[in-house]
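Heads up, there are several structures right after this.
Note that chain A is present in both complexes that follow, paired respectively with chain B and with chain C.
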Partner chain A sequence: MGFLGETFLAILPGVPTTLVLMALSVAAGFVLAVLFALARLSGLPVIAPAVRLYVFVFRGTPLAIQMFLIYFGLAQFPEVRASALWPYLREPFWCAVLALTLNTAAYGSEIVRGGILSVPRGEVEAARAAGMSGGLLLRRIVGPIALRNALPAYGNELILMVKATSLASMVTLLEVTGLAARIISTTYRVFETFAVAAVIYLAINGALAWLVARAERRLSPERSGAARTGPDLGLAR
Partner chain B sequence: MPEWLVSYWALMGFGPTGWGVQMLRAAAMTVAVSASGFALGAVLGGLAAWGRLSASRVGAAVAATYTTVIRGIPELLVIYLVFFGGAAVLGWIWRSVWAGEGFVSLPAFIAGFIAVGICNGAYQAEVFRGAFRTIARGEIEAGRAAGMGQLLLARRVILPQLLRFALPGLGNCWQLCLKESALISVTGLVELLRQSFIGGRSTRNFFAFLLTGAALYLVITTVSSALFALAERRALRSLGRAP
Partner chain C sequence: MSGVAAVAVRGLVKRFGALEVLRRVSLAAEEGEVIGILGASGSGKSTLLRCINGLDHADEGEVIVGGETIAMRPCRGGGRVPAERRQLDRIRASLGFVFQGFNLWSHRTVLENVIEAPIHVQHRPRAEVVAEAEALLEKVGIAEKRNHYPAHLSGGQQQRAAIARALAMRPRVLLFDEPTSALDPELVGEVLRVIRSLAEEGRTMLLVTHEMGFAREVSDRIVFLHQGRIECEGAPQALFADPPSERFRAFIARWREERRLRGEL
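After this line comes the complex of A and B, so read on.
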């Protein structure tokens, strides 16, 4: 077996780590994103500005420094080390998940907010006229339309999250990029190793883009065949 | 002054025990490496956009491959490629052309801004392409009809409008550069993230240093977005559709 094959097999164990990091943080991040979006739209006195500040801070600083703050910064407080969360905050894996979650929640809340704001006023009025309100209105009318409108942008966020999981290697986690970096520094075969890692990421992101495109088509029967929207650069970190 | 502020100032100020100068110098390094990367990204992005819009099939394919691949892989991987790959290529040239000995390495600043430029170029290409599409076909045809050559047309008709329409997207690309520059710390370049880490490690106060670093990033990104907003207002003024 050639070097390429060996490298592929050496990097492959990092793929589950990359995927699990991404899946956990995207799932938790989406729940937070919806809560944050609703909090901002609620206009409640203390809560809405607090969420606004949160989004501003997390979108205005690099993910790497957020991850470092959680991994290196929190450990210096005796209160944190004594707390029930310490078994988790001690682990680079959970620190990476936490940083990725908080980061994607900030970007995601803006996408979800945009989706909710794009729901036509008439639809909401019609639903209200039909007697819907509160949770029912949100679940039956606003939610589905907002989700469909937000999906292209959220698809981009998912791909950016796959790329962002690579930062976990900066806190010693051996996911795909971490393993690739280790192979590069031990074998000095930069180009082959890079190619193998790049192909793995492109395969993951290609599959993800395909799934999102499929979901988009299924959720919008009336717009089938509509052109896919390009990546929204505002989401990039 | 409260006690914590006094001790914070002793740590982060400009006194004998303060790290203020180092932190500000590192912030300047972040801006410098990001700006160099952004400039390289503009060149690469411009070339890629031109390739994708051109009639040449090869040019379009090369440009499409570049933008698709780069946007699909982590920036960190590109940094490793440029830093170690650059050293490998330089070392090969050094040994075979000049018959030199030993290892050569690419300076971290150069590797860093090249990597950021390669990544950013892929995003800037999309911005330029989108902006080109908003230029009215008729304007280009009118320019041709008036007898303008390719270069004159580009300089007088296309570029002024292209840059205007591209400005909001370029603002996002610049923010991307700033945040990506933090990843260059893996090559040992002492930019803001690396300096915050070093300071935190040697004083055993990671939290204060990383929080200060984050605050400096926030200042840089906020000032940049204000400047871009100002530039956008100025650039779109003459079009009568300023927001």
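After this line comes the complex of A and C, so read on.
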């Protein structure tokens, strides 16, 4: 096996770390994004402006610095070291997850907010006129329509998140980029090694883009051109 | 329950800022009555309908559906809001609303649009609801489009689907808010035919429309609104033959003139 093959096999163990970093932060980040978007749209005093400030701060500062602040910075406070969260905050893995989560929650909340704002007013009125409100209205009408409108932008965010996990290597984590850097420190073959890492990211994002496109077709079947009709509910004569 | 109006409003006042859109409107529809509501744009007829099912909230007065008054409470910054969400949701489910712009849910097929609220708001058994929905789609003439998405239907088909959606709730009263105003002229007829058949079934309906000729034919009573007030009302034949109000006389004269210009008379 040549150098490229060996490098590929050596970096492969980093893939699960990359994927788990991404999956955890995207899952938690999405939940936060929805809550933040709803909080902001609620227009409630204190809460809505607080979310605005949060988005401003996390969108306006580099993710690398957020990660450094959480991993290297927080440890300098005795209160943090004494807190119940310390077992997590001293682990580079959880610090990276936290930084990625808070970051994608900020971007995601704006995407979700845009999706909710794009729901046609008339369709919401029709739901209200049919007696829907609150959670039912959100779950059956506003949520699904907002989701399918937001999906293209959210797919973009997911791909950015896969790439953002590479920053976790800067807080000592051995994911794909971290392993590549370690290999380079012993082999000095910078170009080949990073090229292999790049191909791995490309493959992950290729799969992700395919999944997002599939979800888009499922959520918006009438826009894909081919399918003009939806599922037959089976009770037609 | 005889003697109780299917739906009634008393002393309804609605302001948008300084503009008073409704000025003490009182109106009651008996069970089975079809009321045609006419008026120039800006006369408050759509707002009246929207206040009845709570899409707009009247600043004063009462909305009474089947003898039950919708509870309102004052809100911060003036105006009123419904006091009990649940009561409003329950009452709304008994009022079928048909919009000018159809407002079908774009992410659901025609059949899914029709069965959505009966299943999720009224919690009726799915099989029963689907069977009834199929029959309703048959009735409005778009059964073959049941699995299509609204985006692939013509305006007339969408409006007929929206009427089926309203009927699926087994509403006590149907509220039509200019149901043909957004349609291309050649599609108006198919929707009016459906509305006419509903009127003939003896359903209680409030019909806001610009289709004066149609309103005159299907209504038991015509109400003419002018600047937020009921200017005159009465049986259509009498009202059109001998308008009790100069404004209504001018209104129908303008309509007849327009029809003449379009060569319809």
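By our rule, the second predicted complex is superposed on the first by the 224 of 237 C-alpha atoms of A that agree within 3 Å, B and C clash if a C-alpha of one lies under 4 Å from a C-alpha of the other, contacts with A are read in each partner's own complex, and residues count from 1 in each chain.
Simple rule for what comes next: a contact is a pair of C-beta atoms (placed from the backbone, for glycine too) under 8 Å apart; a residue touches a chain by one contact, two chains touch by 3 or more.
In this text, all values refer to a predicted model and were calculated from it rather than measured experimentally.
Of the two partner chains, chain C is the only one touched by A:Ser220; chain B is not.
By the touch criterion defined above, A:Thr186 lies against neither chain B nor chain C after alignment on the C-alpha atoms of chain A. In the overlay built on the shared chain, the residue A:Phe72 is in contact with chain B alone; chain C does not reach it. Judged by the touch definition given at the top, the superposed model places A:Met132 against chain C, while chain B stays out of reach.
Judged by the touch definition given at the top, the superposed model places A:Gly122 against chain C, while chain B stays out of reach. Contact with chain B, but none with chain C, is seen for A:Gly206 once the two complexes are overlaid on the shared chain.
Residue contacts after overlaying the shared chain place A:Ala64 against chain B, while chain C stays out of touching range. Residue overlap on chain A between the chain B contacts of one complex and the chain C contacts of the other covers 230-231, 233, 236-237. Those residues of chain A that touch chain C in the complex are listed here as 120, 122-123, 125-134, 136, 140-141, 144-145, 148, 219-223, 228-233, 235-237. Of all the residues in chain C, the ones that touch chain A in their complex are 53-55, 85, 88-90, 92-93, 95, 97, 99, 101-109, 111-112, 115-117, 120-122, 127, 130-131, 134, 146-149, 151-152, 162, 165, 169.
By the touch criterion stated above, chain B contacts chain A in their complex at residues 69, 71-77, 80-81, 84-85, 88, 123, 126-127, 130, 169, 172-173, 175-176, 178-183, 185-186, 192-193, 196-197, 200, 204-207, 210-211, 213-214, 217-218, 221-222. Across the interface of their complex, chain B is touched by residues 56-57, 60-66, 68-69, 72-77, 159, 163-167, 169-170, 177, 180-181, 184-185, 188, 190-191, 194, 197-198, 201-202, 205-206, 230-231, 233-234, 236-237 of chain A.
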